[in-house]
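This is the structure, below, for whatever I ask next.
Naming follows writing order (A, B, C, D, E and F), and every chain is counted from residue 1.
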Amino acid sequence: MILRVDRLQTELPPPSDPDPVGAAAVQELLGGKFGEMSTFMNYTYQSFNFRNRQGARPFYDLLASIAAEEFGHIELVSAAINTMLTGAADGTPGKAGALKGVKDTRNTQHFIAGGAGALVQDSMGKPWSGDYVFSSGDLVEDLTHNFFLETGARNNKLKVYEMVDHPAARALTGYLLVRGGVHQVAYARALENLTGAQMMKLFPSPRIPTDKIPECQPHIKKGEHLKLYRFSPNDYREIVAVFNGQHPETGEDLMVVDEAPEGFPPNDLPPQADVFAPDYAPEEIAEIAQKLRKAAGLPDKVTGIVANNGGPKAKGFTKAQI
Amino acid sequence: MILRVDRLQTELPPPSDPDPVGAAAVQELLGGKFGEMSTFMNYTYQSFNFRNRQGARPFYDLLASIAAEEFGHIELVSAAINTMLTGAADGTPGKAGALKGVKDTRNTQHFIAGGAGALVQDSMGKPWSGDYVFSSGDLVEDLTHNFFLETGARNNKLKVYEMVDHPAARALTGYLLVRGGVHQVAYARALENLTGAQMMKLFPSPRIPTDKIPECQPHIKKGEHLKLYRFSPNDYREIVAVFNGQHPETGEDLMVVDEAPEGFPPNDLPPQADVFAPDYAPEEIAEIAQKLRKAAGLPDKVTGIVANNGGPKAKGFTKAQI
Amino acid sequence: MILRVDRLQTELPPPSDPDPVGAAAVQELLGGKFGEMSTFMNYTYQSFNFRNRQGARPFYDLLASIAAEEFGHIELVSAAINTMLTGAADGTPGKAGALKGVKDTRNTQHFIAGGAGALVQDSMGKPWSGDYVFSSGDLVEDLTHNFFLETGARNNKLKVYEMVDHPAARALTGYLLVRGGVHQVAYARALENLTGAQMMKLFPSPRIPTDKIPECQPHIKKGEHLKLYRFSPNDYREIVAVFNGQHPETGEDLMVVDEAPEGFPPNDLPPQADVFAPDYAPEEIAEIAQKLRKAAGLPDKVTGIVANNGGPKAKGFTKAQI
Amino acid sequence: MILRVDRLQTELPPPSDPDPVGAAAVQELLGGKFGEMSTFMNYTYQSFNFRNRQGARPFYDLLASIAAEEFGHIELVSAAINTMLTGAADGTPGKAGALKGVKDTRNTQHFIAGGAGALVQDSMGKPWSGDYVFSSGDLVEDLTHNFFLETGARNNKLKVYEMVDHPAARALTGYLLVRGGVHQVAYARALENLTGAQMMKLFPSPRIPTDKIPECQPHIKKGEHLKLYRFSPNDYREIVAVFNGQHPETGEDLMVVDEAPEGFPPNDLPPQADVFAPDYAPEEIAEIAQKLRKAAGLPDKVTGIVANNGGPKAKGFTKAQI
Amino acid sequence: MILRVDRLQTELPPPSDPDPVGAAAVQELLGGKFGEMSTFMNYTYQSFNFRNRQGARPFYDLLASIAAEEFGHIELVSAAINTMLTGAADGTPGKAGALKGVKDTRNTQHFIAGGAGALVQDSMGKPWSGDYVFSSGDLVEDLTHNFFLETGARNNKLKVYEMVDHPAARALTGYLLVRGGVHQVAYARALENLTGAQMMKLFPSPRIPTDKIPECQPHIKKGEHLKLYRFSPNDYREIVAVFNGQHPETGEDLMVVDEAPEGFPPNDLPPQADVFAPDYAPEEIAEIAQKLRKAAGLPDKVTGIVANNGGPKAKGFTKAQI
Amino acid sequence: MILRVDRLQTELPPPSDPDPVGAAAVQELLGGKFGEMSTFMNYTYQSFNFRNRQGARPFYDLLASIAAEEFGHIELVSAAINTMLTGAADGTPGKAGALKGVKDTRNTQHFIAGGAGALVQDSMGKPWSGDYVFSSGDLVEDLTHNFFLETGARNNKLKVYEMVDHPAARALTGYLLVRGGVHQVAYARALENLTGAQMMKLFPSPRIPTDKIPECQPHIKKGEHLKLYRFSPNDYREIVAVFNGQHPETGEDLMVVDEAPEGFPPNDLPPQADVFAPDYAPEEIAEIAQKLRKAAGLPDKVTGIVANNGGPKAKGFTKAQI
């Protein structure tokens, strides 16, 4: 089971100039073979299929908890894509030409079918496939796969970082490069602990100079490259038996944080009425919602928490549809 | 973000006689177009792509919380499949003929590639596809989709119930039929609240007599057909504004439970050494794990909690590989 | 545009003993690369994309009219599959075990998802793909493709004939072998007329002895191996300019029939309540339908025409669900 | 069976300035999950798989006849795509650079493989899949699906309308929005008649202001938003029992037209010799055709009917290849 | 470029009792994600895409030469499948019932479409996909992938060995387990040489006891677990710089053999006339061939070399079709 | 088995101005349905599945040897794509913006995932599929397929020739048009020899004026349109019995060359450090390689042979990354 927390794992900037072509590229990090859907689902199913959990508890706990963190990553990539698509289609709903500006963008389905939101596809529009999940049952083999998967994933993240300069994409990739690196170390360390093979000499692989990437800096300064969080109220307490030793690149001590990070409230992205998201006339939905809330005895002020109180920054958004 | 809880949403029986052909059929409920991967991912991405959350908070909260429950469903189906595959391949690891007994089973990949575990496929071996996710951005349209999706999902669940008589499959489908019914009502009710259309007359659709299905009884008795849980420590508090009124089939009051259910510890399924899950010699992994636990200062007794303390029932398992 | 006629192109027997494994094989003739979906859609799109129709009218007319005949073929294969699946699942709707008998059949989706009806898949459960359509725009090239497609299609038809002995499958393949042969000749003849290449020496290809196949006999006796019908009230009158000369195997004159064949009323297949087709309680639907008919001033007797007046044969069906 | 009529359901303009990028987007309405291939094939297979037809005749007739209309829709979308691609590749056949102008267009397969014609793909080049067909056998469930499918289809149509301003795309989407609306109403009405649920309050869904869309006006003025045609010479006479009552948006009476519409002759699109459609030297094909026609005793004047007698408008086409 | 040599890399037994269900399972080793198509194509494309070959010559040579060996593996798996399918369909060509015996076999396409030959599919009938090829350009990353790929491939090979007891499958998997092990070592060694990471402790992974598998013995005795062949007349001479040191499991010296192995003549499998392979009446093809050979001045005796001179063993085949 | 020769079948120019959009189009000739992967794999598997080889030796030899030539074609297309992508991404590795210039190129995976190398995809990013392989077992049918495949392949090659003007693409398509033509003739001739059908009148099909295409001239002058090479040291000697007679377009004598062509050394393409191909710091790999070579006793000078000694031309490359 999971409990959901309405926070993002890192802070993303509010919408600014839209970048639909960049958003099409960022899709690779969501639905590509090495995207976050793959990391999330691989570790999730490996944990579901884990046999002899009591016998191999530290390894089970590691997989299960990293899987939980990866949910936060599909959430983050989706938030970045939504942010980049905000304002891209800027016409009057239902009017000819309302979407003319995005006719030649790389992923037309963002607008024809997807309501200016994230799709479960890669950067070429190919849907994510359950075939991308590897779960052999053999622990060493699964860990070998996971080490390779994180290696490929970091490669793709760097390339998207190099390719897309929208602030949301930069914030996203800067964060993911650091966190993906921790997972890569975790799986290498697990392999070392199981087999005695010295995997640490493989780092960095690929040779990404995270320490020179400005968007990685704030996270490195906070030690995010060293920490593995326990994403559970009460379970997965034995991660500490596997995730330990020194970071292969910096020599600093790895550490397990015995709780999940606090997170950041998401931006409440403005409606995009020309693609009917959440409707042609979003204010009517808001009105109905307010009536329903009242009838249910909820307080006048909406209870959910969003970044900046839904406030200044979003208001300052120059392409607001409403 | 999510926090993970190492519990199943309902209790599944421990392994008994294996049923690999039945497990192949149950895959439809995991990776089929109308399987739990689809419900989980549809609601998850609709929540990720939800714009104007503050304006339409009750609907956002409903989607986000149901999505969280659905994670528990992919977990449950996977657990059932693993249970049914336990003991199906019962030979000596590495010996010719060890898997002879499953050569003609419907899904050979369970054994050749999957370590006697769940695959992200349907009952014909077709991988789940990101293409199954519908997220138009338009709230009414997404809810219409979700109502239809739950309708189709319940249909498939009933068929698998009728087809597979393994105790794990029965326990699984009995539970899912009841919970899927609640989600179907939730989306219909959301549509009613938004549009005024009287959707309740569509129930039951398909006309599944849950009240006559023995495996649904215990859940109905506990009122599980009426409750929508809030799967979050602190968020999604406005579900109550949408999920209310009477159950269309029984006339009882629908209710929101302001927390997640407690859940049940999973069975710790025994190793399947002939498919190397978790290894050829699982006891060595256990030994290494114990050393690592000790080195990390963890208590002697494994901290994770599994059904029956990993005890009697599992011990009684007549086809244990180890 | 099309007008639809509620007749089948050949007579199929009413349901007898069910054959779900055979039905799974027959799917190859519907949704396989060389199935009727492929012939139907290839010629249809080639006709849609045909440029300079007035300049090449006889060829356009040939393609367009054969395409129309192929609709009748997907209809026939679907009818055969439905016939073979009738009675295969014979339990009480909603009861555990109702579908136990088909748990190990080759295509579980016929029952879990498909209501004992035809699926748009091949014999391995792989969906038909738009990728199977070849439409290069170049007339000679498209005709070369079509000749090859019919060659492969005839091969598959023969194999299914050899493999499946259900009466509906036999009637189906006997008919399709004959009609597919005509289309193969038509495309070869079109190529000859365009290029002067003598294609007729390629026949029979593959070397199928249709004259020795009992189920082909009635159709050959009626000259169905020689006739190309004009499937249109008023259009496609120039087929005659291309389809002429001798049949390459028999030396008889090919002929164009200047209208569509009359066809045969389809069997009205009985409900399959255990897979909810058309419902859990089909008689209630019938009751509602009757009320609606009355309200609309329709005659008491249902206007549609089905084989045997829906009568004796169907009544004699020993596994009727109702 | 079908009879084919060489007419389009609405009038499309002759080729003007080509728009290959727009044509790539329009593909979504042909081969996308919510494109016309999906509506055509869903209703077609649901009618093929319909059990107990005599008992539920009005519903069978409705499905079968709407399916027939949908063939006309795949024909129309294909005609629009062909129109938009006409003249896009404007070089000398066989010469380097002849297709240089379309090297960076969104769908290169239109020119490399497709002869400047329609492909059975969506706007991202993904082929249409048999997996898009839903046919559960359960009548209420299938109708629920169809209502949802039409909802999604209308959404996509509007987006393509907003995105592509080529006259053929506008004429196409203006027409399809109106006709798709009728089908959506038909399925909602069928559900109401079967279950008593008041579906009409869901309209318009999505909230498309067809009455404000100029390209919808001519069709609305002719009452095309109210009429369901019977697409058959003699069958499907009981549609009238289901399709009745008021239009949910205008309150006008719905009506069944007891025959198919007359239709419009298609434009005879000019050859595109640089992509060999229908050949490198189309005039030679025309010459051969003329000889064959003569030999067959056909009249000198081509019998097929095309728009404007193949005349003035097409002659006025400034980018004619021949 | 390649030169082809009409020899197999190991000896396979002639056809004996057919095993179509086993052949369906063996397909996983051909077209599965971890099948030989994947190893062949991964290394082939990595060698095609290799930049700076002169700078990194030993690594390029290693990849290119192993790729060449892998062609021999797809050839071997195909030969095994063909062998196992020989005689499975044993009826009179063109006669009803000729293929009845294989109606319920797992892969019907072997007989309906494939002429009792190998298909480019996995054990579930899913076609091999270009998506299985990983070629990142980064040498360390590609080698990491290849090490993982060989690990997974060996796992699948062992499972098929355990599952299928046909002599051809046993001979095949016994050989491939040994050779795949060499490639796994080669990639691990290349990684060690590049990064200094001690990969050898990961062996055996998975922990396959090749030394206890009877079918591996003859190859181990010949030292095939230690040798890397140079599959080229004159190129790829620098493999020796990478492939050296001790075997991680036995401590013996690894060695480069400076030429390709001699190979074994393939069995000339008998025709299967009931699936028209190579025809309905294969003797006529032989007759035509003989005439053509004569006309071309070829010697009377066929020049090609096959096992046992096409002789005794094949003659002893009790189910010969001719 | 194969032996690999480190030569290309024709000379390709060294990198000049990059053309990533053109490279995306050229992918159609690699991984498209009619690309070289398809020709290579079709003939390869048909030869693997060939039964009664001794009886039909000339046909087996023809297929097997042409298959070998096709390996050289996937190698050539890959080399052209790599050449065209060289220099396309020209930034500092690891720096934001390094790949900005290719953000809107048609195939982003070339840079995000593919290290500026060839992918096993078509021009729309759809992976090549094992489904593209046709191997019916029936010799006449397979040859008919192959004739059609070469026809379609030549069409696509011409279109890419017309579309892409990069020198590498021109050199590639000029060569492939000539060689593909020979294969098309070979299959037509084989059909003639088997059936007596006069296929030669179908030529040229499509009507490609190779004699007017400048890039075809040098190859035609060398007689490459007439020669079929025997791609084997000692086998496949009976091709000559099938491949004979006159060329259908020129009337010249066809001829079998009793050995493989000599080939041309490939260009050693420079590293692309910004996509980490072969690494972030390729010079370090070179250094390691040199040490390993030394330790292995290899001569100081690298043994592999590349075009221009890796020299002048490559040095003159103005966008060299290193």
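Throughout what follows, a residue touches a chain if its C-beta (ideal position, glycine included) is under 8 Å from a C-beta of that chain, and two chains touch if they have at least 3 such contacts.
Values in this document were obtained by computation on a predicted structure and should not be read as measured data.
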Inset, instruction - Any chance you could name the chains that touch chain E and chain F both? - result: A, C
Inset, instruction - Return the chain whose centre of C-alpha atoms lies at maximal distance from the corresponding centre of chain F. - result: B
Legend entry - Most remote chain, CA-based centroid, reference being chain E: D
Legend entry - Geometric centre distance via CA averages, chain D-chain A, whole Å: 40
Inset, instruction - Report, in whole Å, the distance between the mean C-alpha point of chain B and the mean C-alpha point of chain F. - result: 49
Inset, instruction - Could you tell me which residues belong to chain E and also touch two or more other chains? - result: 33, 106, 113, 121, 124-127, 131, 136, 138, 140-141, 152, 155, 206-207, 275-276, 279
Legend entry - Pairs of chains in contact (touch as defined earlier), listed by label: A-B, A-D, A-E, A-F, B-C, B-D, B-E, C-D, C-E, C-F, D-F, E-F
Inset, instruction - Flag every residue of chain B that touches chain E in the complex, lowest number first. - result: 91, 94-100, 102-104, 106-109, 111-113, 121, 124-127, 274-276, 279-281
Inset, instruction - Provide the residue numbers of chain B that touch chain D in the complex, in ascending order. - result: 33, 126, 131, 134, 136, 138, 140-141, 144-145, 147-148, 151-152, 155, 191, 195-202, 205-207
Inset, instruction - Within their complex, state which residues of chain F touch chain E. - result: 1-9, 31, 37, 41, 44-45, 48-61, 64-65, 67-68, 71-72, 74-75, 78-79, 82, 113-121, 127-131, 133, 135-141, 193-194, 231-238, 240-242, 244, 260-261, 263, 266, 268-272, 275-279, 282-283, 285-286, 288-289, 292-293, 295-296, 298, 302-306, 310
Inset, instruction - Flag every residue of chain C that touches chain E in the complex, lowest number first. - result: 21-22, 24-25, 28, 32-34, 106, 122-126, 152, 155-156, 158-165, 170, 206-209, 212-215
